[in-house]
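The next part holds the structures, each set out as structure tokens.
Two complexes are shown next, each including chain A; its partner changes from chain B in the first to chain C in the second.
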Partner chain A sequence: MALQSLDIKARSASTFAPPSARTTLEVAKLIDVSRCIGCKACQAACMEWNDLRDAVGVNEGSYTNPPDLSDQTWTLMRFYEEQIQGSLQWLILKDGCLHCAEPGCLKACPAPGAIVQHSNGIVDFHEESCIGCGYCISGCPFNIPRLRKEDSKVYKCTLCSDRVAVGLEPACIKACPTQALSFGSKETMLAQAEHRLTDLHERGFTKAAVYDPQGVGGTHVVYVLPHGDRPEAYGLPKDPSIGPLLAVWRSWVSRSLGVFTMFAVLVAGVFHYMKVGPLEEPRDEPRDGPGDGQGRPPRDASS
Partner chain B sequence: MATTEKSVRTPRAPARIHGDDPSLLRRYSTGERLAHWGVAIAFVLLFLSGLALFHPFFFWTSALFGGGQLMRVLHPFIGAALAALFYAYAARLWRDNRMTPGDWSWARRMLAYMNKHYNVVPEVEGKYNAGQKLMYWSMIVVIAALALSGVVLWQPYFAPAFSSTARKLAGIVHAVSAFIMFVGIGIHVYAAYWTKGSMKAMTRGTVTRAWARMHHPGWYRRMTSPSPPAPRTSGAGR
Partner chain C sequence: MNPEGVARLFALDKMNEGPFPEHYEPFESPLDTNPLHAKVVSNPAARIFKDDRDSFGTAKEFPYVATTYRLTEHFHFWTKHTRTAAVLQPEQFVEIGEDLAREKGIRQGDKIVVRSKRGMIKAKALVTKRITALTVAGKAVHTVGIPIHWGFEGLTRPGYLANTLTPFVGDGNVQTPEFKAFLVDIERA
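Our next item is the complex of A and B:
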């Protein structure tokens, strides 16, 4: 790989041994929801840096705009009104790819190299290799990837892999006016999150928690949630995991066994023919004609 | 050969298709054969393209379809064509594929049959033996499973209408059914190659009398008995 910062750790649908001569720093984005004011600067910065323009939609009675992630909206501010402990809470979540350590999208992908995981933890889609099957959408526990109708390719947040590769922070981080977003090594980000938790606990948010779900091996986008006991109030799954269905569906072991068995069937055919020989009928008797009504060959006729 | 050509040229002689030897028995009509080979071609294309998605070891087969993306586009359309053609074809054959008690006792002796120990294998009564009938019914089931799960996976038309769980389940059903179909078709092709004289039934539509007497004596008797009219018309043998 040309750039050390883009060393690849895992590659979809590939028999691939990752280069391991050097270790890259594992990065993470920290989203401190308790500091977020919902200004959408990050959303605008994402559009700006990545040259994305979603269609102008209609107001659906919420600040969430556009209404959903799309091939043109890789990060989206979602607004929720929730009753928590007897009071109305306005919850805001910056939604987008969490860059799982065990990405379901990558496991589901059948196109070699269409999804890669960099050794720094970024999970990136390479659209030029994408075949548009949508398996990654089924594989994602967070419902993030979006299939673009016009080119049948799937898009999502890249964690600005192009910026990170040259030592810059993602565009959203740069735009955030309240320091709700930070970027750095995963270790630093977790330490910062813990520090923030203490603060929040003191201020009465006793259920505040860090969202770094271990069901997917941890993520490279980590949230500080003031109501951490209820991630589903923010639209986040409580215990996300790749799940048994995906594990069965895209299991390397069963697939390889399947290919082996198919090959074995071909070999068995050859062996059977060599052992038993062809099944041949006796020659027609010369006096044979329509309506002789006999029907049965001699029992040993075929030998 | 010479006499055949002469009779074809003789103006008042009854029309006879070239190669239609009267000593042969008709087993498949032209329509049935074309349908069969249509299904066969679709199967080969589906298998090659599906294999690329099944295991990265075989992703190179996508090059035969103009690359991964075009292959992904083509695969479900070929699948729909196979399902339509197969069930139209299968509808013509189902009567001959009903399992009888005799078939079950034949099926129990299948291993002996495979080793040519005919003396312990019961006589085949129908147009098909129990192995062929079981193949028929397994394909009826497996192709239905493939078609239905294929619809659930079909991007971008139908897949978005189904939940992620449904799509993952469909993926499992599709892979397992495709595996069963490959093994089944593998056995089918090999059996046709192993049983000499069978291939002509599907290439020319006819079999020799000796072939019919040996493999399908019941069918042979019905085809050659004088009482039912027109035993040599296509689709006969019911």
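Our next item is the complex of A and C:
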């Protein structure tokens, strides 16, 4: 279901003309990793606002809890200990959907309307249309969507589209005590990120950089990384892209290939019929042995 | 600045010690001496009952320094009852450095026992690069980090009270307990 106050600009497995009566600002969430203290207030806020409750798990020797994203955990603080330039860095990354401008998940999805992209940049899953095929999972270059076993539907961060639709900032932004998280138009967020970079460069983080990967057309969740030359150290891919296979998927090549295959199968079928003729059913032979006389297989005496 | 050109410090004459800080070894110390002044090792003004003094361990029996602290996910012993907080930090753990883990054959997530002269707890091991062995007076000293929060019932997995390990010492002026430095031994459970 679309939110009345959010226009839809792209829809999985569908062609349509997006509404054009109004223009909307592109929004973005800025995650300034240099300010994050790993308190998980954002993670708790996400659970509260979205009514998500993951299982009380176990400690596997890490601060990262639960251990992975799931249908109940849409954002997760991941902790890494890395030696960078001779000093130990405790890197903390708020993981979750990046709301790509060219979303691999949406392009891969074969179910009409299960994934939509709003004109403000938010990529939203509409679970009622999801068929549980999991193509979005392989289509996402950031390993974000998670399939829920119980209902065979896929879930991820919505960028709190319901809050944004009524002029509120996402829940995680509201909860962050250190202003590591901010929300606004993509333009202001990028300007703010640049400002942070100047500060970080002055403080000796000469490799600090903004993570807004162009391989997916830029994202609507943008990171400021103190060690920006090494996004992999934070668990982020260095040059993410949606991959050549996915770009072909649903393009004219795949469609014409599909039509060609269908036609070829039809022609082959006709030739086969002409050569071999109709399929004859072999006559059923009467069965011996301990069956029940209705073609059911014999059963063990114990069952 | 005052007319005489120096700062002034006022202190109540009700204090048992101070106002200037002084280094004393904790009552349970990995060293036998105070490197600054060997004659006075620990704080003579601290409040200790005689029987409690008998419950102090020695570095021979309990070779590692332990400290207790809190985590951002929980508030004291209260928030174990909150489902969200329990999800974010579900199970009791103690932090040890990689060197100590290697020495003791402890791997990430192993269950370990931490013992002091006063009691023991069991918890998961979180092996970290953030805690390294210190060299103090020519001796390698390992630290064991013990987050509190567990013990009593709640929605988290059950755990042990960290304060079964800690010594009964009150500081000279305000009786703050010496929970930040004491001695323990650890092993795989």
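FYI, the second predicted complex is superposed on the first by the 248 of 303 C-alpha atoms of A that agree within 3 Å, B and C clash if a C-alpha of one lies under 4 Å from a C-alpha of the other, contacts with A are read in each partner's own complex, and residues count from 1 in each chain.
Just so it is clear, contacts are C-beta pairs under 8 Å (C-beta built on N, C-alpha and C of every residue); 3 or more make two chains touch, one makes a residue touch a chain.
Owing to the predicted nature of the structure, the values given are computational and were not obtained by experimental measurement.
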Checklist entry - If you stack the two complexes on chain A, which partner ends up touching A:276: first (chain B), second (chain C), both, or neither? => result first
Next on the checklist: Which partner chains sit in contact with A:60 here, chain B, chain C, both or neither? Use first/second/both/neither.
Outcome noted: second
Checklist entry - Does chain A have more residues touched by chain B or by chain C? => result B
Checklist entry - With the two structures laid over each other on chain A, which partner does A:47 touch: chain B (first), chain C (second), both, or neither? => result second
Next on the checklist: So in the superposed three-chain picture, is A:111 touching just chain B, just chain C, both, or none of them (first/second/both/neither)?
Outcome noted: first
Checklist entry - First (chain B), second (chain C), both or neither: which does A:81 touch? => result second
Checklist entry - Which partner does A:90 reach: the first (chain B), the second (chain C), both, or neither? => result second
Checklist outcome for this item: Given the complex, residues on chain A that touch chain B span 13-15, 110-112, 129-135, 137-140, 143, 147, 149, 152, 243, 245-246, 248-250, 255-256, 258-259, 261-262, 265-266, 269, 272-273, 276-285, 288-297, 299-303
Checklist entry - So in the complex, which bits of chain B are touching chain A? => result 23, 52-59, 62, 68-69, 71-73, 114-116, 118-119, 123, 153, 155-156, 159-160, 164-165, 167-169, 171-172, 175, 179, 182-183, 186-187, 190, 193-197, 208-211, 213-215, 217-218, 220-221, 224-226, 231
Checklist entry - What does chain C use to touch chain A in their complex? => result 72-73, 83-93, 107-110, 124-130, 155-157
Checklist entry - Considering the complex alone, what residue numbers of chain A touch chain C? => result 37-40, 43-44, 47-48, 53-63, 65-66, 81, 83, 88, 90
